[in-house]
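Sharing a structure below in structure tokens format, with a few things to ask.
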């Protein structure tokens, strides 16, 4: 049985300066109550690893607006002008990573691989300063793994032992991020008894999950 | 006369083979789906997580967990599959995607695309564009021939490249152009547009190899 | 709608000398009717990439007994004395690969990665003759990708457009192998109409599958 | 007196922490599960594809799609999850596995394990052993102290190594031994066995640091 905690208690577990992997794609599938709780507690100096920074007033965009973020590793910030403005003003240090490379770097961090060998980015600015390697006569970028202190996961159902499932386009980065952090906190839409999610439907095994967020009051 | 964007979308739709897996970028490229008949067995991929992307849902029946890469509500067709980002980009990077349609500020004579950054002005990030251009079996660029009076088909990209891979086809409101070893070959012209009209509107050198028929737009 | 063919027709598609990725773990989850059809047609000189060679009279073991195999890339042959005997006699060339490295090499072949960086095998015979690389101060083996001419996949259900699901411990290598071959042939227990496998339950999207095996007569 | 294998399995079971994820090798290590109370919330992983491996099914109710890594029929406990081989070894290699219990012909003074090949005699292949020893948080070797009269705890492995990682604990029918920076430390002895008995049965040098109590075997 997993510990089940309130959003405020979860936000208290996460210190300023932490590296957070946050699931979601334009806020779809993001752990929205966890994000709100981090904003409410006045979190500072966070490093956010995520696909994107959503938009002002939505998902990760709220953390940007609140000034809680000092660094981001993301693939896209085009729909959040605040993120772009803060980057240009030097308030947020941003590393832009191709989306497929980003998810593989997180997976590498989660499954114990030493890095990712990919042709994506070769011959572009993404190659600048990077290690490359030749395998079977082809050249690849060597992209290092990414891990977080915490992974904040949005999901559809969790059962009492922490098994998770996801819905439609709300999967996105969540199942991969659940592999790659020291502490994994899942925010399910509903929590169900053991057995409601059958073994073949489990997408994140409970052994990966450390805490569940209580149901919304 | 048909609106420019619709003309581009209709022409690109003819490039899509029955039964293929296709990714459409946001904006103009996403219009292409409107001109692909449902009976062709084409599956559209939204890189955020679904194979079998469908049209907008009926008002009031939107599912907040079913959106396209731009965050807009969509539906899923029968036979659709949910995928996470690792599978989504595994398909893109592993050569399983038959075609991608992308927009872009610039294509140059070597067939290079630049579409993710305008230094000093706009840095949206590459999102999935670098993976798509590097990994898709076929890359088609759908864009206006010119923006603010200047050609988007240039001698050499002045903006940062999206990939070192040569794209396969460019479809604009004026022409269909194929990048080749020799350079950009003019394949088709829009109805009522002459070869000279296209040349005049294009910064890059265009090669003419054989006939240059009008674009079919059925 | 996918082409649906008889096992004999599938075996005829696969030429002698082909490289086959075959799913299954000790024959559990293996495409058993496809294997029988290959044996029946007298296939020769196959390269088999699989977790193991099962045991005599079961799954891939039948191909070994029939003399259809000239090369294997596997993690374990301990329960098939015939495979070991044929290896020692020089009849089958065997590359032994750690199981986790094997599945990652196949995945790399399937998702367009240039190779796998892993600590598994460092300081052992597995390192002999291999390229290594240092990333972030740690040393890793560089293991090259694996692809097949064909992937032969065992699954529970397929629908008419080729979406697949799997049951319990019969998943094993199947979902990964379905990514990594020029032609993917799936052998389902049952074929069901579109919609019977809901989107969230699909484990191999139909776009990866080229042929379905007809139901058993 | 308790049979040797049961003694080993009982002692190893005490190493398993509540709520942990544990992989048991085939043979002797698989017996350990019999001595872990169900209420401890331990999940056993079968590397072929299930978290939450359970005991043998009732006669006639076996599912051919639910087996352990040796191919034998098993059950799944409530809360079990099916996993494919990529996830299974992702858990093992990514440091998510709290403990693995493996057998082995040899452990040496540096704590190296050799358990996948006897050159010229038997080449079963490493299966998951190299990944398990490299990736698990804790590696416990469960084996007979000697085979055919000769010690399996040796000065230096003569068989090919499974990994360069130092394993964490060895449990035999005679002793519990912990590999350390200084060498192999004798931690416990079997009931009725003296320190001298253990030393005499062991090729490797064993260090004694403080008390060497009898193994608890409840």
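Order of writing sets the labels: A, B, C and D. Residues in every chain begin at 1.
Quick note on the criterion: a contact is a pair of C-beta atoms (placed from the backbone, for glycine too) under 8 Å apart; a residue touches a chain by one contact, two chains touch by 3 or more.
As the structure is a prediction and not an experimental result, all values here were calculated from the model.
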Chain hops separating subunit D from subunit B, counting only touching neighbours: 2
Neighbouring chains common to subunit C and subunit D, by label: A
Whole-Å gap separating subunit A and subunit D, where each centre is the average of the chain's CA atoms: 35
For subunit A paired with subunit C, centre-to-centre distance based on mean C-alpha positions, whole Å: 32
Subunit A and subunit B, separation of their C-alpha mean positions in angstrom: 29
For subunit D, residues that touch 2 or more chains besides their own: 50, 76, 82-83, 86, 89-90, 93, 135
Multi-chain contact sites of subunit C, meaning residues that touch two or more partners: 104, 107, 111-113, 118-119, 166-168, 199-200
Pairs of chains found to touch, sorted by chain label: A-B, A-C, A-D, B-C, C-D
Partner subunit C, residues of subunit A touching it in the complex: 104, 108, 111-119, 131, 133, 135-136, 138, 140, 142, 144, 165-168, 199-201
Partner subunit B, residues of subunit A touching it in the complex: 25-29, 51-52, 55, 74-79, 84, 87, 96, 98-101, 103-104, 107, 118-126, 156, 166-176, 203
Partner subunit A, residues of subunit D touching it in the complex: 21, 41, 43, 50-52, 76, 78-83, 86-87, 89-91, 93-96, 135
Residue numbers on subunit B that touch subunit A, as the complex places them: 46-50, 63-71, 76, 82-86, 89-90, 92-93, 117, 122-131, 134-135, 160-164
List of subunit A residues in touch with subunit D within their complex: 1, 107, 110-113, 159-161, 163, 179-180, 194-195, 199-200, 202, 205-208
